[in-house]
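Letters A, B, C and D mark the chains as written, and numbering starts fresh at 1 in each.
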Amino acid sequence: MAAGGGLRVEQRHGKARVRVGRVWRQGADGSHHFVEWNVSISLLSHCLSSYHRDDNSDIVATDTMKNTVYVKAKECGDRLSVEEFAILLGNHFCSFYPQVYISSSVIHSACYSLKACVCTHLCFLVYCYKVYTAIVNIIEKPWERVCIDGKPHLHGFKLGSENHTVEATVQKSGALTLTSGVAGLALLKTTQSGFEKFVRDKYTILPDTRERMLATEVNASWRYSYESVASIPKKELYFSEKFMEVKKVLMDTFFGPPETGVYSPSVQRTLYLMGSAVLRRFPDVASIHLKMPNIHFLPVNLSTKENPSMVKFKDDVYLPTDEPHGSIEATLSRITSKM
Amino acid sequence: MAAGGGLRVEQRHGKARVRVGRVWRQGADGSHHFVEWNVSISLLSHCLSSYHRDDNSDIVATDTMKNTVYVKAKECGDRLSVEEFAILLGNHFCSFYPQVYISSSVIHSACYSLKACVCTHLCFLVYCYKVYTAIVNIIEKPWERVCIDGKPHLHGFKLGSENHTVEATVQKSGALTLTSGVAGLALLKTTQSGFEKFVRDKYTILPDTRERMLATEVNASWRYSYESVASIPKKELYFSEKFMEVKKVLMDTFFGPPETGVYSPSVQRTLYLMGSAVLRRFPDVASIHLKMPNIHFLPVNLSTKENPSMVKFKDDVYLPTDEPHGSIEATLSRITSKM
Amino acid sequence: MAAGGGLRVEQRHGKARVRVGRVWRQGADGSHHFVEWNVSISLLSHCLSSYHRDDNSDIVATDTMKNTVYVKAKECGDRLSVEEFAILLGNHFCSFYPQVYISSSVIHSACYSLKACVCTHLCFLVYCYKVYTAIVNIIEKPWERVCIDGKPHLHGFKLGSENHTVEATVQKSGALTLTSGVAGLALLKTTQSGFEKFVRDKYTILPDTRERMLATEVNASWRYSYESVASIPKKELYFSEKFMEVKKVLMDTFFGPPETGVYSPSVQRTLYLMGSAVLRRFPDVASIHLKMPNIHFLPVNLSTKENPSMVKFKDDVYLPTDEPHGSIEATLSRITSKM
Amino acid sequence: MAAGGGLRVEQRHGKARVRVGRVWRQGADGSHHFVEWNVSISLLSHCLSSYHRDDNSDIVATDTMKNTVYVKAKECGDRLSVEEFAILLGNHFCSFYPQVYISSSVIHSACYSLKACVCTHLCFLVYCYKVYTAIVNIIEKPWERVCIDGKPHLHGFKLGSENHTVEATVQKSGALTLTSGVAGLALLKTTQSGFEKFVRDKYTILPDTRERMLATEVNASWRYSYESVASIPKKELYFSEKFMEVKKVLMDTFFGPPETGVYSPSVQRTLYLMGSAVLRRFPDVASIHLKMPNIHFLPVNLSTKENPSMVKFKDDVYLPTDEPHGSIEATLSRITSKM
């Protein structure tokens, strides 16, 4: 959008890292359910008076956003998936803050609302949506119910490994983009991986191999095909189940059958197989982004002139490293998708 | 680009967190110069055979990329800015790896190179650029020359506060996008900040104030207007100096004059003034992105029914918090820019 | 020990964060075993010439220590517990580096080896142990074998939650102190916790409660009673099993029975019960240290004058916080122990 | 102290990570002063009823400790050093919570207060100090006054590099142990460092060198000789100045003269010179602990059979590493000190 002083301003503001824990005690068997969410909200609005002048009348205070998260969490009397909560919040922010009319006199001097007014100088009366888009990101911590002597505990939880993430972008029109993900899924296999016949040039030292460790920390996010708030499945905890199923497909494809595994000729190929397996299996997933750093476990080969083979690598002793790491990422989407 | 199995694949691969230290000992006065860079490289190429088949013949091994960083650092006999090094690396990767011709028979079965071949099934001979874009990100650590008794030390350095970042995107054509930035610039003022007359609704608790702390950690990145590798200024260490100057303008605007400061009616307004000052001052900066979380220092006000005013806030005792924080970000650009 | 210049010097040097991955492929069923260890070594020696003079003749280079870790990992042809590997390393460093004789002339001027020589100025020939104590700390990452469709995978692993730690202190004499631990075991229960009838004074605001969340991140370390390298149990993977069992006792005691749980009147009381359960159950554990921060989940209670009960806490909506946190720690030991 | 069930319990509890910001606006010139402290408190007390029984009557709630920090910060109307604030807090906790008398009947069954009662079963009336020792740790963030155009700003601050730490241990008797420190002081020199003539054995690969980079992150803490709260210097901001001076001596010794530097034959030797310079210079420093990891900058030497010298090291291109690192630490103290 255009701006006073010949500058264009694109902005967002919000509240990040709003943490909320929610307990539901409704189980008929006395069991408690618990989630811990870390919520970040960004609101996009056309009105820029707070940038261009000392005028905060268009700003929803980020403190108010924080309060809203707690009020809404309270209002959710029944368990819901983190995806549903993100949509619910996004929907609230887009619908609660009404459009405001701004007289042309204000516009004249500042001309900060180009998109809404279309014409620049002839406008008489324009209106400006306080909030036209809300972007809600939530990270759900992996609190898992513990088992004591093989029985699930009614109110005891232990932190697991990888996080469940969600990003819901909700428009005032009800249009929705919904992306779920898993973050920090660290996987490793001790064999059935190689890398050979790549480009060799004068900077190349790495030898070809058909036997190496393969370790990565999968960060995956998949976009659902639901394009409006109204169209999402009404089935209870639908997205929570889906999350578990997608994670299972990713892991099954990475590892292969329990006895034989599956050979990985490159991280690229394995990534492709993982992503395409998810798209094949879940018709309501429109695309998937996979970020799979190649976390190197270097073969150890100590040697000196005096001791030509102090430790000679035989696929047994490795040096794990965090840096540098190969970075491999790709987005797979259906060709028919509009993405 | 299109892909076998009805899937579209967008991908990049590279090497992240390649660390390099470089010493130049050329000073006539015996002084050493030193930089420490953390380099991440992403290469984009049309060829997707490594994804679609067990064929790595198009992959530049990330280990080779790492080696290249060291060879190039060695070849830089004279000091250079981190921006120049990023461009130099990007240029290398785009020009060193030549196009390859792929016969139609290969294409026929896989059809993985749609963009290059245009037609899908009638192609006879297509060529495929191994690398058409290189994205190089570097973080320069703030090693600063120490002074001993007021004199600069010839070879002694101490780590300072905020990092210098750069992202150079280089195309095979020589087209360039160059963005410099500062990361982690933590600033705070104890007065001359307020926030009032914002939207009040039923979720609002925050009172209006004209007296509060203002603390933030500025993450800024500005895009230079140079659009090709050939057009960047030849002046030695041009971008290193520019970095210092931009940082100074950002800080001067945030703080205002040393005696009086400048009143901030909102983080939004202060952000806008900082960004527009940079654009006004530096003609070769096309746009600037500022991310300025509002890191809250909450007034402490302990009270109980028995002790109605145990600690009553008088602009003196605060609770600093990391979470939640307000998140305010915006991009300012010249309206004439093509961005 | 005494030192030239009237200064006493107590020192240690070593190598920290030596990472090693070890694969064993010996399984009759074709299964691989894998561990990832992060090893830190500290050596204590009487000789201080490297501190007092420009003389490194007593220093084992930390690079050599690193190499030794890899050589020893290689030499371990059979799986072993992280405790056994720590002892093996400690033993090596204490026995491999022999005592050295130092002529009195050297001693005369420096007198840096008081403990070994006893007399200060009359000594004729003293000997100095290069290394008299080795302290080996290892963190084992929680790589867990994955299951695919209910069957354990032969070579696939996934990162779990909490780390296994060990500290072995080995003396030249063979004396041993062996401590195992679990780090980062995050536990939470949604009820069966309270805190009441504590000291109330004019700084107290916290109300009594019999219903609150209880969350903590247990860091436990327990010292085994084996006092020499020779006396440790020979049973294969003895300490690996013990680690799992101690962790189970800690968790069982924290949570109580799956249906009813157990009421916690304070973190202190719960900590005590956990520690004493371990000591009661495992005769070869001499003492246990438990560090259990009280990670607060604060009841949310938003209210303003206008909205006196915007969100009223009913044991359902909480604000999880990282800071501040209560810090509670204690060591429990048998009265008969020599500790 | 002894305990029911044949267990000995040593315990402490407290509040960690209590953050407080304090502004003083008293400057005659209108200048503001500002500090940000992160306070952790541990209280030691003989009474163990909260561990042995469901009885919290001896516990000072950690929430109360937190409140106390804010009340005390408020009461400090004049600027004071972080050391003084730590002592002030420690003193408060030891003197505010009075001794309590416990009748023998209570003792009889539990016998949890051995130290106070001396006799075990014959005791008639014992008393128990609620708090006999307070340990206060504070980290002061390096907020530094900014200069605008060469003039110090009245209320603007920027975050610098290394933290100032303090640990004050205060006894009910008024006895004091006071330790100040600097954390995260990262230093580097590009020459004037070597390492040679160390122990060579069959695990040694590292070559001798007289030319290498030397980089470290100094963590230093020094104990002052003041042994009671009453004996500390009354001079305003005494310890704040001392902190700056000690840091200067450490840095001056590490780097040597600005033109020539000083040769370091080992980290050990340099550490010793730094510590002894502090002890020599400051009579009221009784001892100093220095932890100086050797953060390696490895010479880069890429070579293959085909390219025997792709990048040959000539003291110019290095690989900086975080792990592994050499760990060197030592405590230097005056021989006459009681430590």
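Here, a contact is a pair of C-beta atoms (placed from the backbone, for glycine too) under 8 Å apart; a residue touches a chain by one contact, two chains touch by 3 or more.
Everything numeric in this text was worked out from a predicted model, so none of it was measured.
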Touching subunit C and also subunit D, the following chains: A, B
Chain of greatest Cα-centre distance to subunit B: C
Between subunit B and subunit D, centroid-to-centroid distance (C-alpha), Å: 35
Between subunit A and subunit D, centroid-to-centroid distance (C-alpha), Å: 39
Contacts with 2+ other chains: residues of subunit A: 19, 67, 71, 203-205, 302, 310, 322-323
Residues on subunit D engaged by subunit C in the complex (per definition of touch): 2-3, 5-19, 40, 42, 50-64, 66-68, 71, 96-97, 130, 195-199, 201, 203-206, 265-266, 268-269, 271-272, 275-276, 279, 293-294, 322-337
Residues of subunit D touching subunit A in the complex: 202-205, 302, 304, 307, 310, 322-323
Subunit A residues touching subunit C - in the complex, by the definition given at the top: 19-25, 30, 32, 34, 36, 67, 70-71, 73-74, 143, 146-149, 151-161, 185-192, 213, 251-252, 254-261, 297, 300, 302, 310-311, 315-321
